[in-house]
Each structure stands twice: as C-alpha cells, then as structure tokens.
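Chain naming follows the written order as A, B, C and D, and within any one chain the residues start at number 1.
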Amino acid sequence: MLKQIEGSLGIAEAVALCRPGAVCAYPISPQTHIVENLGKMVKTGKLQDCEFVNVESEFSAISVSIGASAGGVRAYTATASQGLLYMVEGVYNASGLGLPIVMTVASRAIGAPINIWNDHSDSLSQRDSGWLQLFCESNQDALDTHIMAFKIAEEVGLPVMVCMDGFVLTHAFERLDLPSQEQVDQFLPPYEPREFLDPKEPISMGGMVGPEAFTELRILQQRKMHKALPIIERVTKEYRELTGHHSGGLLDCYNCDNADVKLIIMGSTVGTAKDAVDELAKQGIKAGIISLKAFRPFPYEALRAAIGDTKNVVIVERHFSYGARGILYPEVERALRGTGAQIHTAVCGLGGRAILGSTIKDIVNYSLNNKFSSEMTWFDVDTKLINSYLKDTEGVTLPEGPLPEDVLMDTLQKVRA
Amino acid sequence: MLQIRLHGRGGQGVVTAAEMLSLAAFLEGHFAQAFPSFGSERTGAPVVAYARIDDKEIRTHEPILEPNAVVVQDKTLLGAIDVFAGIDPQGFAIINSAEPAEVVVPDLVKKLPAGHVLTVPATDFAMQKIGRPLPGAPMLAALAAATGVFALESVQKSFQSRYPGKVGDANADTAALAYEYIMNLKNGGNNA
Amino acid sequence: MMNKSFAATLEPATSLANKTGSWRTLRPVNVFKLPPCNKQCPAGENIQQWLYYAAEGDYEHAWRILTEENPFPACMGRVCYHTCEGKCNRGFLDESVGINSVERFLGDYALEHKLSFRKPVRETGKKILIVGSGPAGLSAAYHLRRYGHSVHIVEMAGKPGGMMRYGIPTYRLPRNILDAEIARLTDMGITIECNHPVQDIVAEKKNGKYDAVILGLGASISTNVDIPSGDTTHILHALNVLEEISSDSEVQIGRKVAVYGGGNTAVDVARSLRRLGAEPIIVYRRNRDKMPANPEEMDDAIKEGIQVKWLSTIAGAEKDSLKIEKMKLNDQGWPEPTGEFEELAADSVVLAIGQNVDLSVCQKVEGLQTEKDAVVVDHENMMTTVPGIFAAGDMVKGDRTVTAAIGMGKHAARGVNAYLKGSVYKRPAKHEDARFEDMHPWYYTDAPKTVRPQLELARRTNTFDEVQHGLTEENAIFEARRCLSCGNCMECDNCYGVCPDNAVVKLGPGKGYEFNYDYCKGCGVCAQECPCGHIKMVPEKI
Amino acid sequence: MLDAIKFYQTGSNTVGNRLLNPSMRAVQASSDRPNTLISGHRACQGCGEALGARYAIDAAMRATGGQLMIANATGCLEVFSTPYPQSAWRLPWIHSLFGNSAAVGSGLAVAARVRAKKAGNTNVPRVIAQGGDGGTTDIGFGPLSGMFERNDDVLYICYDNQAYMNTGVQRSSATPPAARTATTQLVGEEPGNDWGKGKNVPLIAMAHGIPYVATASVADLKDLEYKVEKAMSFHGARYIQILVPCPLGWGSASGSTVTVARLACETGFYPIFEAEYGKITSVRKIRQQQPVVNFLKLQRRYAHLTGKKADPKVLARVQAMCDDNIRSFDLLGDEIPETMPVAVQAHERSHEI
C-alpha cells in the first residue's frame, strides 16, 4: 500500500506488521518518532498482543528487550547516538545470549561536542558488539529491512541492528510502499523462540563461562555470523519475490558495469550519489556505486565480486577511527586483496554536514585524476574555519580543498620545524 | 524535478507545510519528498524545510541549494537570512504579506520573471478561518495557484487527511481564500 | 525441545554433579546428650523422651517409655519430689517444665484407659524372692518380671506398698491409685505374700529354691530423741502418726501440736494434722534455706496456715508447753545453741527427725556386711557382700525417697539379671551432658509453667482429698511442649531449613535427619542453629 | 485439639517442628520443598545469600504454583549458581547484567503476559528480579526505580549483604557506617565506612508508592516466607530486602550466619517491617533486645569497635543509631510508625482516590 509518510512512521508501521510482543522506548532524537508511533498503535489497539514500555533509560530499553526476548516474544527497540552508547553493555549482552532482538539505530553523531545530526559514529562503534548491522539507503529500504531483520535475526539466532540515517531518513516524508499484513504474515511466521524462559522447561540462561569454553562459544558465535550471510541473501530473495521491492541484500550495485571508479557507500548518501553519477555519466565519466547494506556480517566475497576488476575504489565514510583511518578500509582491503585495486577512503558528512551530489562528483574526479595522495582524505572541509584556529594556536594552515591525511600530518612536521 | 524551499519560524508549521506539499503531490500521483532542515527547532527560531516533486523516484537526500520555488512564511526573515539564495532564475517566490511583492522584495521582482514573485496575506487568512497564525495551507495554495504544478484540491485534501474534522476543513477554507487571491492577481485583479 | 545455546544456557540442577562435600574440614554429626532431667532422675526415667511423645498426644507411647524405667507413674506423679524440675534447662529461660504433673497425667491416663504391662515374651524359669513390697521391692520385681523371671514378694505388713502406703498421707497419694498400680504388677504374674515377716533370709531362699534374693526393707522405725519431759507430755513418732491417720483410726493428739524436724516427714505430719483440725507448728533448728523438706511442699504448708519456729530446738516439755532454745548458724551453716530460751504452748510433740531401717534380719546372714543404718552393696549392681543377695531402697545408702528406691530397685533387678546369667552388671556409660550453654534458647518461646489447679486452700485444711489436682489433657500437652528437648532431636526442621547447601536430609516423622556429606561444606550453621544442641561439628579426618 | 494448643516449645521460631500443623510450618520444613537453588552451588561456607535465595524463591514457587521465573543481576549469587557447565537453579532463570535485573524482569513480565494472552492462558508466570545490594542500591538503581515507577509486575528481591562481596568486599551504598570494607579501611580519624552516607532503598521504594515493600532476614524464615507470599499476592512492583550475612565480607564465623542476622534484628540495627502502598503496615518487634555490641563483636569488619583498642564513642554512636531505629520504627512498642507522607500514586494504586 502506497503512503506518503514520514520515514519514522513507515518504520513503525513495518515493525507493527511484524507483530512484536514488546516495544521499549526511551526518547532520543532522531529515533523518537518511531517509538512514538508504535506507542500510539499499541494504545489504540492497532497493534495487538504487544506491550509498549516507557523505560527510564536506553540501558533499560535494551534490558527490557532482553527480558522480553528471553521471555519468548519478539522484542523491538530503537535508539541513536548517546543512547546507543548508554545501552552498550546490554547490546553486547543481547548478542552473547543469542536473543533475536531488532533495534533501529537512527544514526547520529556521538558527543562531545553534543551533536544531534547524522553520521555513522554511533552504529560503527558497535562493530564488534556481535549484532548483525544492516544499513539502509532509503526509507523504503529501511522499512523493508526491518521486516527482513526479524526473520534474519530469528533464523540466525542473533540480534539485528537496522541502521538508518537519522533525520535524513527518519524525518523525511516520502512515498512508501507498505506490504500488507497478509504478505508479512506469509513471510514472517509466528514467533517460535529457539529457547526462552518457560516454567515447563526450565533453563538457566546467561551462566558464567570461563576459559574452558569461552573460545568455543565465540567460535560458534562467529559461525552464526557466517551462517547469516546466505540467510540474508535468501531472506532478501524471498522478500523481493513477495513484494517486488528491491530492498535489502548484502550489497547493491548501481552503474557498476564498466565503471572506472566504484564508490562504496553506506546509508542515505547512496541515493544522492546515484543522481550524481548519473550526471557524471552524461559527461562520459563512468562511476559506479556499491551500496553496502550488510556491515556485519561483512560480505567479503560479494564485495570482491561487485568490484570485479575495477582498479579505483573509494570508500565514502561518515566516520573514521581516531588514530587510525577509515573503518571500512581494512574490510575492503581484505576483500580485494590481490586484485590490485587502489582503495581510498573519503570521509565526509560528519555530524550532519550534508553530503551533496557535488561532494560525490568531487570524490569521483579526485579518484579518476589520481589525486588521492593518502589512504584517507577529508572532503567538504571548511578550510577557512579550521585555519582560523590552527593559525592562531600553532601557526600553521591547511591548503584549500580536500584534505588528505598526509597533508594533515605534514602540518605537525611544520610545527616541529 | 521541482524543488521547493520553505522558510519560516518554529511554531508556524513550516515542516508540516513541506510535508503537506509532498502529500498533495503524492495524491496527484507524483513522487514527492519533504524533509526539515534538521535541527532542534524551538518556537521562534528560523526554520527551513524542503520539498521535491518529480515524476520518477526521488533518490537524492541532499538539502535543496537551488530551489525552483521559495516559500517564505514569515516576512521578518527577509532581512535576517538570505532566503532566496540559489533560487532558479526561472523560479517562483511566495511571501506571506499583505503588501505587494514590489514593495516587499523589489529586487527579487526584478530578477525573476513577471508574476513569479507573489505575496499573499496568509496569516490574515489563517486568522480568519483557523483563528491561529498558521499560514501553511494558504501558502501552499498560493504556490499551487502560482505554479499550477498541483491543484488546490490536493492541498485541501492533504490537510484534511492529516487533520480530519474542523481543523482540516478550516485549513482547506484558508487555502481556498489564498488560491482565489493569487488567481485573482494572476488574472490582473487587484486584491486590495 | 528448545534449541539451547552452547555453554551460556545451562540445564537445570546440573550443579548436583559438583560434590561440594570435598570442601569440608569440619563435619556435623548428630549427638545424643543426657538431658539434665534424665540425669537427675533417681529412677533413671527417660523424661525427655516420654515428654516427646506426650507432646505429640501419644500418651500410651509416652507412658510405655516412662514405664520402661518406672512402673508407678500415677504414684510418682503425686509423691515424687521431682528434683528433675530443679535441673530443667527451661528454668534458665522462664520456669522449669512441670515434668511431675505430666507424669501424673500419664499415670492417670493409663489407669483410666486400663493400660497394662506386657507379660514377658518368654519365661526364664529363674525364681527370685523379694523381701519387702515397698517401692524398691516392687520396682525390682517389675523389672525382673520383664526379664521373664518369676518373682515372689514377701511383706510383713497387711498390705503391699511399704512407705508409699504407711508413710505418705492420703491427701498426697490416694490409696486407690497405689492399689491400681500395684495391681498392674500382680497382673504381670508377680506374687505378693502379705503378713509374712522374714526371720531368716538364707533359709527362705533355700527353702523356696530361689535363685536370688533382693532385700527391700524400708526405714520404718522413727528416730528417737531424748527430750526431758514430764509424764503427761504427749510425745509421738511421725511414722506412727501417719500410719494412724492413713488407717483411718481416730487420732487423739490435741490442738496445739509441735512437729519437731525439718524434713518431708515433718511437713507431711504437720499438713495431715492441720486437716484433722489441729494447729501444728513446726520446730526446726535451722532456717528455711537449710531445710531439707521439699520447698513446694513447704510453701503449701505455710499457705495452709502451718507455723514454723525457725532456729529452735526443744529443750524440754511440760504438760502444755515446750521449752524452746534459740539457735544460731555457725560459719558452716550448722546450728549452735545460744542459751536463750522461750516458752511455746503445745499439747503434744511429734518427732519427725528421721527414720531407721530394722537391720536385725540382715545381721543374721553370715557374711552380710552392714554399716550405720545400711547394708553394704556394690552400687553398680546392688549386690550385698553375699553373692545372690541384693538390696535396694532405704536399707542402702542414698536418698530415702520413693523415687530413689524405685531407681535402686531397677538397678538391683539388672544386677540380679546379670548375676543369673553368670555375669556382673555394669552400668552403661552416660552420654555427654546437655548443657544450656550448648543450646540456642532464642528459638524457644517464653511460656509460663502450667500450675496445677490446687484445691482451694480453705478446703484443704479439713479434708484429706488430694491437694494437687491433675492436669487436664490440654494443660499436659502444653506442659510437655515446653520441654526444650535438651540434647536430643525434637524434629524442628531447623537443620534441614538453615543449610545453605541443602545437605541435610529429612528422613520423615520420628526418623530425624541425616547429613548428605556429598554436599555438606561443613559451615556449621546447622550446629549453631540447632535449638537443643543435638548437632556437633567434629574435625574431618584429612 | 493438638493444633489449638499454643505451642511453646520452639513455637513459630524454628523452621518447622513435627508438632505443628503442616500448614503452619515453613516451606523450608517440607521434605518436598522446591529446592529451587539446589546443592552443588559454589557459595562459600555459611553463605547467607544462598540461604536467603532458596528461602525466598522456594516460598515464591509455592505461592505461584511453580509458575515463576527469575532475572538475576551479576554478583555472587549469579556466579556461584551458574558457572558453566552447571546450574544450581531448577526454575527458568536468566542472568543478563549487573545493573539491569529489574528491567530484564519487566521484559520477562511483558513476555509472560503477551504469551499467555496469545495462548488464551490465564495462568501467567510471575517474575522475580533479584540481585545483591550493589546491583540494587547502586548500579541497578535507575532500572529499579523505573520498574517501581511503572509499577511493573515484578517482585524485586535485594539480598543485602552490605557490600560488594563478589569483587572482594568493597563499599556499597548499603554498607553501614564504621564497617570495614576493602574501600573503607580501618584507618584515619573515622575508621571504616563514613558516617552520614548510604541510602535506605526500602524507604525509597515506599516513596514510589508501590503496592508492597518489606525487609526481612535469614534469621526469621517464617517472616521471610510470609512476606514473599504476601508480595506474590499483589500485582505490580514489589520490593523485599533480605539481610543476608556474608561470612567472608563481615568476618563472621561460617556457622554464625543466621545468628548474626538475628542479632542485627534483635539489636535494632536492621529494622524489619512491611509497607503497603507507601504506608508501614507492620513492624517485626524485637523479641529479645540486645546491645548492638553483641552483634558487632561477631564480625571482624567491626573489630575496631569491640577490641581492646576500641573507641567507646564510636560504639556508642552505633548504639545510638540502633536506638534511633528502635524509636523510629517502634521496634519495641505496639505502634505502627508514621514514617513519611505517602506518595500520591500510592493512593491511586490502592484505589483510595
């Protein structure tokens, strides 16, 4: 059913279609509208057999979800940024316990300084949390991914984090095609927990595991992640066949045939980038976009296949690792090892700075003109602003334009000299 | 693709207006997108919202820097920020004011084609019909009248579906007043 | 079946595979201690155990446990001076348990329900002669009969019972009770021949072909004291007075009677005389603290209006007055004359200053050693210096009470039984004492002793009806349930409950508990929280 | 008649007693008690928490007919009961984190209700969340307060041993003044834990206006069981705080666990009471009052108050604290104390508005 609605409402509707038993809410922008809508649905009776719990913190949001999931119902919650960090202990715990919770992360920067706008620092900080992390490029993709997420989580036996860009997607009013309840019921069977607390068959969940079995437990957790890759693909296929929506998957290629450069992007920037490369194509510049959907588990093989023999690969990231470089780079490098591809990272769109079509075009041109002097380069930097500080404090300035990591490091040499 | 930028102040329903605009376009079978300038808006602060209308899927999520139309819900913003930045030379501008465009934005009137810069006393209309200074519906109706891209009825329907009952109807009535006002202007009439 | 997670999800109760008993350095063990009441009881009654059953309302079982040691609960419940109660650990808490009254309840219950002693399973064919049917003789007869021996008692008086019949006033022991309890013994097959004074023990034994003899002669001769007096003065002996009263003959004794002495007999006489309308006054040479009479009896006597002249001796007697010399106690607590005298109006004097046994018949037996007022016995087995001849009761050194006599009778029977088998009886070692310090008094609730309803004092002074009434069943249970069960399990479930490791196994009613050493970590909470001190922590052998 | 006779041997103070009507005996007296926490667990010798947990959960099992599940905070109880590959629990049990057992309990309660409703089942399993004092009064306090405030259908049991024992006896906000812990050593001007700090969670729980709040101790089993059963008769948020001595942390003999707890109550050191909808409804009176020194001298954490070098002023201060408890809670008298105004939501929940 087509609707012109806010992304958050679309997600709420999608979650409701999955018949959760528990929805836990704690307010934090920009995810709030999702749970507000779900709360309303529970209260009006539109969403039946579900309880909406207004908790007092994100820590309790994940904890109530853990309890509900361990108690044998579908559990859902949503958060962002500081909220995600506040629940981290529970995030790791949920995956360790193998509870198929689905959580939306409306990606937002982490403070300090406090910043409510979008980047990927929150979701990427949970890289090693043991959750599946699925990124969404549009609201339709996000809506569909949530429905798939429940099925994937329950089949794999691990929780799934659906990462959608805060504000950019959550607050955007767009045309969304919602599957019918019948379709979703057909796709997602009634919840059959793998294990849950049941007085009829008492189990002890969450015992203490020492060195004697911890490694093995972790290996089995890794094995679940490996299992998840084909499950994501199969579930995506089923879903696409049922709805005709081209959503989900491990990754998605656009304009990749014979592309001279391929951009690997996660999230809402993909849409902007698609328009941008279409415009470049009119100028004869062949750039392709790889929308990376599954960040955890990481689809090494699918990515290698998607890159093919393309030599120029740029990862567009909305975050980076302090003291290191891009977060995706090591994964991509691992995927492409031996192909001879040149891999670079373009960092932009931090803390809500818009990634424009022009930004994408700049990155493509930078790559094709072999301007990447360093593994990582910042784009859309307000050089004047940063220089106004650096000049006063350290007597150095940065050049205009994209800022490569080596140039940034060079300024240190200059200071020393 | 038609890209519209809406300016106003927190509390004036700017974001809602953008959403209603996208809904009106959706109701006519277009693809449409609306989104606010994401911030922690507080009442009275300048607010920007965006809308796109197209006949194919809208993929981009960048903010609108080169709008085809600018809607200014609060005249006091004119001196404060450059609301018309990047406006398409063939674009439209609708300003909430009882005064003529030539008085309010004489420079812009000169820059854009004749009849593309229009004022409408949207707040007055809103006070008449809704009783509160919510100029969203009349501004959209004015835009519809000015551009002809979507119909008055779609604006009315969008408000009525969002606010079923009295509030929606009052918005629809307000929209009708504004629509007539612009049509009258376009037809060379003098609303004064 | 659930699809359980590896390692992080565990099956229920799998910890049972972890035998934590290996942590232990101390292990709890159940110990059975000797309660102070049992220890004190001259008859060796297992008081704690019969109270245990009485508390359950299983009176027959309680009575059977009681009569394992003592065949006269109804009598004892009336005349025993219950020194057990003085030792009762409950006394540290509130008041001692009214053991004696529960005993009487059980005795009366048995009489009311016509409970009888079981006949021995087999007859040994051995014959035993018992001389004297007082408490010692009857007790010995009872125990010997239980062993399957055939027992014949000879009694010089007209009726059996000895001092129980002739030395105790009826207001303390109605004779129908005594008769009923003796009848239960004869029902077992014990024969009693009254009006049969024994002149020659050895001849009686030989002629009757007895395998052994037990002598149970009572202290039936009142001790005399020389009081300078005129001829007209009435000087009587306590036992004679009591015997006269009990045989219902008219007693002519006067109104103001001085009872001279401070023992139980003095009190018995004074109280009996009060019932005859006299105004007895007890004259005693020491003070109340030093008085040997049972304090409760003395309390009752005072309540009944009996006066006492403390620290006084009778220096002389005239027709209707006595010359009293005031005494004082020296450092050792013994009375010394002060040389001060006073007059006391009195029609007569009853001497109650002690009784003696007539040992003349013993002195005829060759080799039978005697000492002052007693025959010499081996106190382990009560055998005299003549093999085959045993003695018990007043004629053996020790307390001259009914209860002591019953206890000695029992031991004499055990001695005889061993002797008949060709061995020598040795008393078994006693269990460790159950001390109050080893108990956990917090658990016991405060509760006053049920005071047996007493006859109104007014009535008591002119009737020989029993002064002490028995407990109702309700009161008896209440009283039995006040028992702390010192040193012996009362099945309160505390050890079972307080074990943090669930290592105490409850075996079911009457069976108590055992420790599951597979899991017991030896923490000792059970031992510390056992109310009665039944659990002890002992070092583990490592 | 046997039942009617007031029973003065050990009365109601022992676990059972063969003379008592079975209905008057503790759950723990029954040979078929649930033993929800079974042998083989790795608690220290004389562990008060192991004892308290079995007492409480067994009672709750009886009260719910076995329809019960547990959310357990991190801590000794969790560590000693469920080290891989063995669990000492016999009922559905989950351990998630240190500070979230109240919230996990809320989630379990939601799941239980939703599953029962979907299945058309009216017999909804009940939920207990539990933890030590650290997990309750400190790190888990936010979720606990949230659970109370929402009036979620969870009984929270705090096994209060007055410090972080699992990590090696560090101070918590439940540690009493002057007590030695690894982080409040017996040095300086005021050795041991500071005076004037800490929080009284039972009173705070009452201020939430929840249906039921109680304190209890392992020294009074019947009272504890009564309170657990009472708690299970309510729906909504409930809180029971059970004093569970820790031989390791308190420096008491392993066999003295119950005795020490008893002395804590009999000295007024640890008031035992219950409250409904924010109002105290009963107070466990002191049976045999004792000076607090009798409680302190059994514990090495208070060695500085009772030894040769003891400062009598500090001991007097502890005694004054106990006396104050005795007065405020009327532990000796007949009154039920007015402790504080009742929260408005309590009136609503108790349908007094």
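The criterion applied here is as follows: a residue touches a chain if its C-beta (ideal position, glycine included) is under 8 Å from a C-beta of that chain, and two chains touch if they have at least 3 such contacts.
All values derive from a computational prediction rather than experimental measurement.
Colleague: Taking each chain's centre as the average of its Cα atoms, which is closest to the average over all protein Cα atoms shown?
Modeller: Of all chains shown, the one whose C-alpha centroid lies nearest the global centroid is D.
Colleague: Measuring between Cα centroids, what's the chain most distant from subunit C?
Modeller: Looking at centroid distances, B is the chain farthest away.
Colleague: Count the touching C-beta pairs: is A-B or A-D ahead?
Modeller: A-D
Colleague: Centroid of subunit A to centroid of subunit B, CA atoms only: how many Å?
Modeller: Subunit A and subunit B have C-alpha centres separated by 34 Å.
Colleague: So what's the Cα centroid distance for subunit B and subunit D, whole Å?
Modeller: Measuring from centre to centre gives 64 Å for this pair.
Colleague: Return the distance between the CA-based centres of subunit B and subunit C, expressed in whole Å.
Modeller: 113
Colleague: Counting in whole Å, what is the centre-to-centre distance of subunit A and subunit D, each centre being its mean C-alpha position?
Modeller: So the centroids are 44 Å from each other.
Colleague: Multi-chain contacts only, two chains or more: what residues does subunit D have there?
Modeller: 81-82, 84-85, 87, 89-91
Colleague: By residue number and range, which residues of subunit C touch two or more other chains?
Modeller: If we look for residues of subunit C contacting two or more partner chains, we find 7-8, 10-12.
Colleague: What are the residue numbers in subunit A that touch two or more other chains?
Modeller: Subunit A, residues with two or more chain partners: 97, 196, 198, 202-207, 209, 213.
Colleague: Just say which it is for the chain contacts: an open line, a closed ring, a star, complete, or other.
Modeller: Drawn as a graph, the chains match no named shape, so other.
Colleague: Okay, in this complex, where on subunit A does subunit C touch?
Modeller: 96-98, 157, 193-196, 198, 201-207, 209, 213-214, 216-217, 220
Colleague: Can you name the residues of subunit C that touch subunit D in the complex?
Modeller: It comes out as residues 7-8, 10-20, 23, 55-57, 442-447, 473-474, 477-478, 481-485, 490-494, 496-503, 506, 508-510, 516, 518-519, 521-525, 527-529, 531, 537.
Colleague: State the interface residues of subunit B toward subunit A in the complex, per the touch definition above.
Modeller: Subunit B reaches subunit A through residues 18-19, 22-23, 26-27, 31-36, 38-40, 58-63, 65.
Colleague: Write out the stretch or stretches of subunit A touching subunit B in their complex.
Modeller: The contact residues of subunit A facing subunit B are 2, 4, 6, 29-30, 116-118, 138, 165-169, 171-175, 268-272, 274-275, 352, 354-357.
Colleague: Considering only the defined contacts, which subunit D positions touch subunit C in the complex?
Modeller: Those residues of subunit D that touch subunit C are 1-2, 5-19, 25-26, 28-29, 31, 35, 37-43, 45-48, 50-51, 54, 81-82, 84-91, 221, 247, 253-259, 262, 287-288.
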